[in-house]
């Protein structure tokens, strides 16, 4: 996507921090500024034509403000320092905040920040108080992986709106973008396919056989008390066993991309499934090519799996 | 303020070579916060706690937390008094001015939360009646960070209730030599330097130490920096952490005999106040790593 | 997103505009134009969804304000207009500053902006070349009364008084002008009479060209004339002198014609000359005796008597005796004379009128009495405007000073000016219109007067208003004078001076705005500290990220012990000033500030001492 006219000509500024000064700020009259100038011209003609000094003075006042405005607008931005944060990961297709730290000693009015590549209304708008503040500039990545949001344009036309002053900066820190969540089929390894699973579950129920779900029997020790004694087995065999219980924990899901689908599509389905499993607190693992993530649960596991999806070879 | 210096001297006589930690511990008490001391066994955690309590002349009780400790063992019980023929409240060890909670991570989570509730509210509810705790009330908890077997580490939310976390570390060689030579004052020999009422007075005085807008800006910038994931920070600092930070800095300034807080005061207490909140129980690679990064990220010359 | 404060401010400015509209002259088409603009802006404001709507509404209001400023140029409306402009700028600020600040702050900021803009305004006002109006004036509803190509005394019932300036004559000093009763500035000669009205004969043959003016001796009196747009192409002049511009010619009747279109502002110079002007000796034509016989029988009868009995000079005296003997009255509201024999009606019945009546009747009488005569229209009088800010003194003649008089041909003297109005109302000629009307309440009402008790107040207001108008009188003419005086031979540098001046004024404005920026005292202290610390930068002593002031001072003092005392002082006084509550340290603030300054000097001295020494000891600071 080509950038609009003046920005195309401007050299790129990278670097982890970006200081707004004479070399990095650009300024042009805004559309309203041109209209304002036109109105001043109309007033001037009115004044000359009607020999009206009032209208002439008004025209000159407008011109004076117009001459003063670029300085005021530039001062609104000059000296501001932007620093790159470490952006939190997010999903492709979602609106992600990209953190930028702004340090300023003065108040900054009516700023707007947006990434050049982003469409329409995705922008951060607001004023800055003295001190350090974080701007969360929204953008919408379309692809997974370590993505850079591109060129940031920070602009302001305060206080008069006659000039627009802006800076362009390429924040270097990339943001980790997970594949978009799109529900769909994924391959579950090491797990019975639906019909077999049904049978297996039925068998498990039969095996439980009674009221208590014990997992195994071990020789009973006196200090274990009578509560754990397996009475049935005692009655049957005369030997004392203690019941060992276990949570009826489902077997972990071991997921892999569905080879029948296009690669990216399969990754998106995986992303949705992992998110869903994590939300329901189940445990899951991931097999991606020769990379395997053992089953687990919790937020660290989620992050690990999603990061693997994001960075998987195409 | 002279008396505070006496307190410092006295405790430093007991716990050799730990001037900074002692000063922070006293600061914590003057700020009215609860203190968590975390370190290996045998470096003097309990000694510090007890020396603090004795020097401030506070009535203290000591509870060794074990896995079978029940909440009622802390707060007290309603007993049926045979003679009076009615129920009577028997206050537990919570009803003291200083509670030394040894090995707090050994207790069950239920018991921990009962304690932390008392720490936050300053009162205890038993069977629907609420009982006010004495003033000043302060919990000095110790925790063994090394031995994790059979413990319930305090969750992040409860760590936040402690104003400061200190770790003592091994004493320097000279101090240890003095200790071995028996030059340390015995705990039993400690007399109260400050009365409990005086401590309340000092606490009020500390809360009046001035915090001018530039200083508050500094604190706010620190808090904001912790919340914006711009650095490898752990858990963001809560507003309670901010209040605790200001209170601790005020107390520190009081110890420095100043009537106003400067950023250096905030920096002095920051690691103790913020680190355990930042790491959320999972220590950084190097001790104090999170808070050091935060301090370096925010301009301190104001 | 539309800021509510901006909307409120625009409502305020709209109501101010409406107020001014109410007080405007509804006869002018401009007033309606500005009403349209205001209505459009109101609709835009009511329906505004986006900031762009608000901005366009604001521009419409700005233009409406300009139109109203043209309609009401006086001081009072001017003040209201200034207030409106202020509110408009505040509305703009409120919209563009992203919703920070309240009404008072916005107005405050707006005042600041306008004040710092004043030098720019003055420069632009003084230096931007003044242009004449590009289109005829009448379009703007400013048709000026005063002179016309013909004279029809019977038709005029009331003369409008137009106080706008008609022309200016700039001699060096007032003494160079003729005395007050001799200030007749001729424009047009009307020599055709049809019994009712006078008009000028069509030009016969080429106008007489002047001989190229003899080079004026150094110091010869020169007059500079500036004439406002008027419907007549002829130029006013005193009747004698040589135009400096060779394109200006004179007709045989003594009219001055220039190369310009009508209805533009004209300016020209006249050099004094010793010779009597040629037109004065130009013999009369036959038509100068034509009195449309039979149109005014009574007048003709009277003149016939004079013609038979008296010599030409005595006929003049007889006419003077007639005007002075009969109860003639000078008034601006004469009764209408009707279509039949209007001069008879005036001379023998109503006997009330103004200059045109007197001039017509007298000229008619003279022609009927066989004395060649004609009517001259032009201006009479004028008031001296002393040298002021804008330049040298000049005589100002207003449109209401338009006058008509007669000229008669006496064989031995040539054309002689006779002003019959002077016989009837000598004060009109001596001291202007107002005096001529003394005692006539109805007429004075036209030149409105206030209530007696209000008079002192009105008078001072009038003086202020006058001063304001004086100030605004700055036009092409004044600009010429001023530039001549300031730049002299470097007139062509006017543009350069303007650009340089603008740059200077801009720098000044930006500087002042920087000072006015809301920097609390604490920020000033902070800047002082920064300055002090920057003195150590050449010594490789720069605060580390996150390093506090005491820590930095300790580190610096450890590296360079010479700095220790200054740093210590700097740290303690700065921290006291900045972090101690004002209540406690207020009394000592001055002392502390002084101490901070002393520390700064100490540091500067130490740093410069150290800076001169070879710096092998200075390493880069270690990380904390």
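Here are a few things to note about the model shown:
Chains here go by letter, A, B and C, matching the order in which they are written, and residues are numbered from 1 within each.
Just so we're on the same page, a contact is a pair of C-beta atoms (placed from the backbone, for glycine too) under 8 Å apart; a residue touches a chain by one contact, two chains touch by 3 or more.
Remember, predicted model here, so these are calculated numbers, not experimental data.
Ranked by C-beta contact pairs, the top pair of chains is A-C.
With chains reduced to the mean position of their C-alpha atoms, the one farthest from chain B is C. Remark: chain B and chain C have CA centroids separated by 80 Å (rounded to whole angstrom). Centre-to-centre spacing of chain A and chain B amounts to 38 Å, using the average Cα coordinate of each chain. With centres defined as mean CA coordinates, chain C is found 64 Å away from chain A. Multi-chain contact residues of chain C, defined as those touching 2 or more other chains: 526. The set of chain B residues that touch two or more partner chains comprises 298-299. Against chain C, the residues of chain B that register as touching in their complex are 210, 212-215, 259-264, 267, 295-302.
Across the interface of their complex, chain A is touched by residues 30, 52, 55-56, 59, 62-63, 65-73, 78, 81, 85, 89, 92-93, 95-100, 109, 113-114, 116-117, 120-121, 124-125, 128, 130-135, 137, 139-140, 142, 472, 474-475, 502, 506, 509-510, 513-514, 517, 523, 526 of chain C. On chain C, the positions that touch chain B within their shared complex are 522, 526, 529, 533, 543-552, 575, 578-581, 584, 624.
Residue ranges on chain A touching chain C, taken from their complex, read 32, 35-36, 39, 42-43, 45-65, 67-68, 71-72, 75, 105-107, 109-111, 125-127, 157-161.
Note for the complex: chain A touches chain B at residues 83-88, 99, 101, 103, 130-134.
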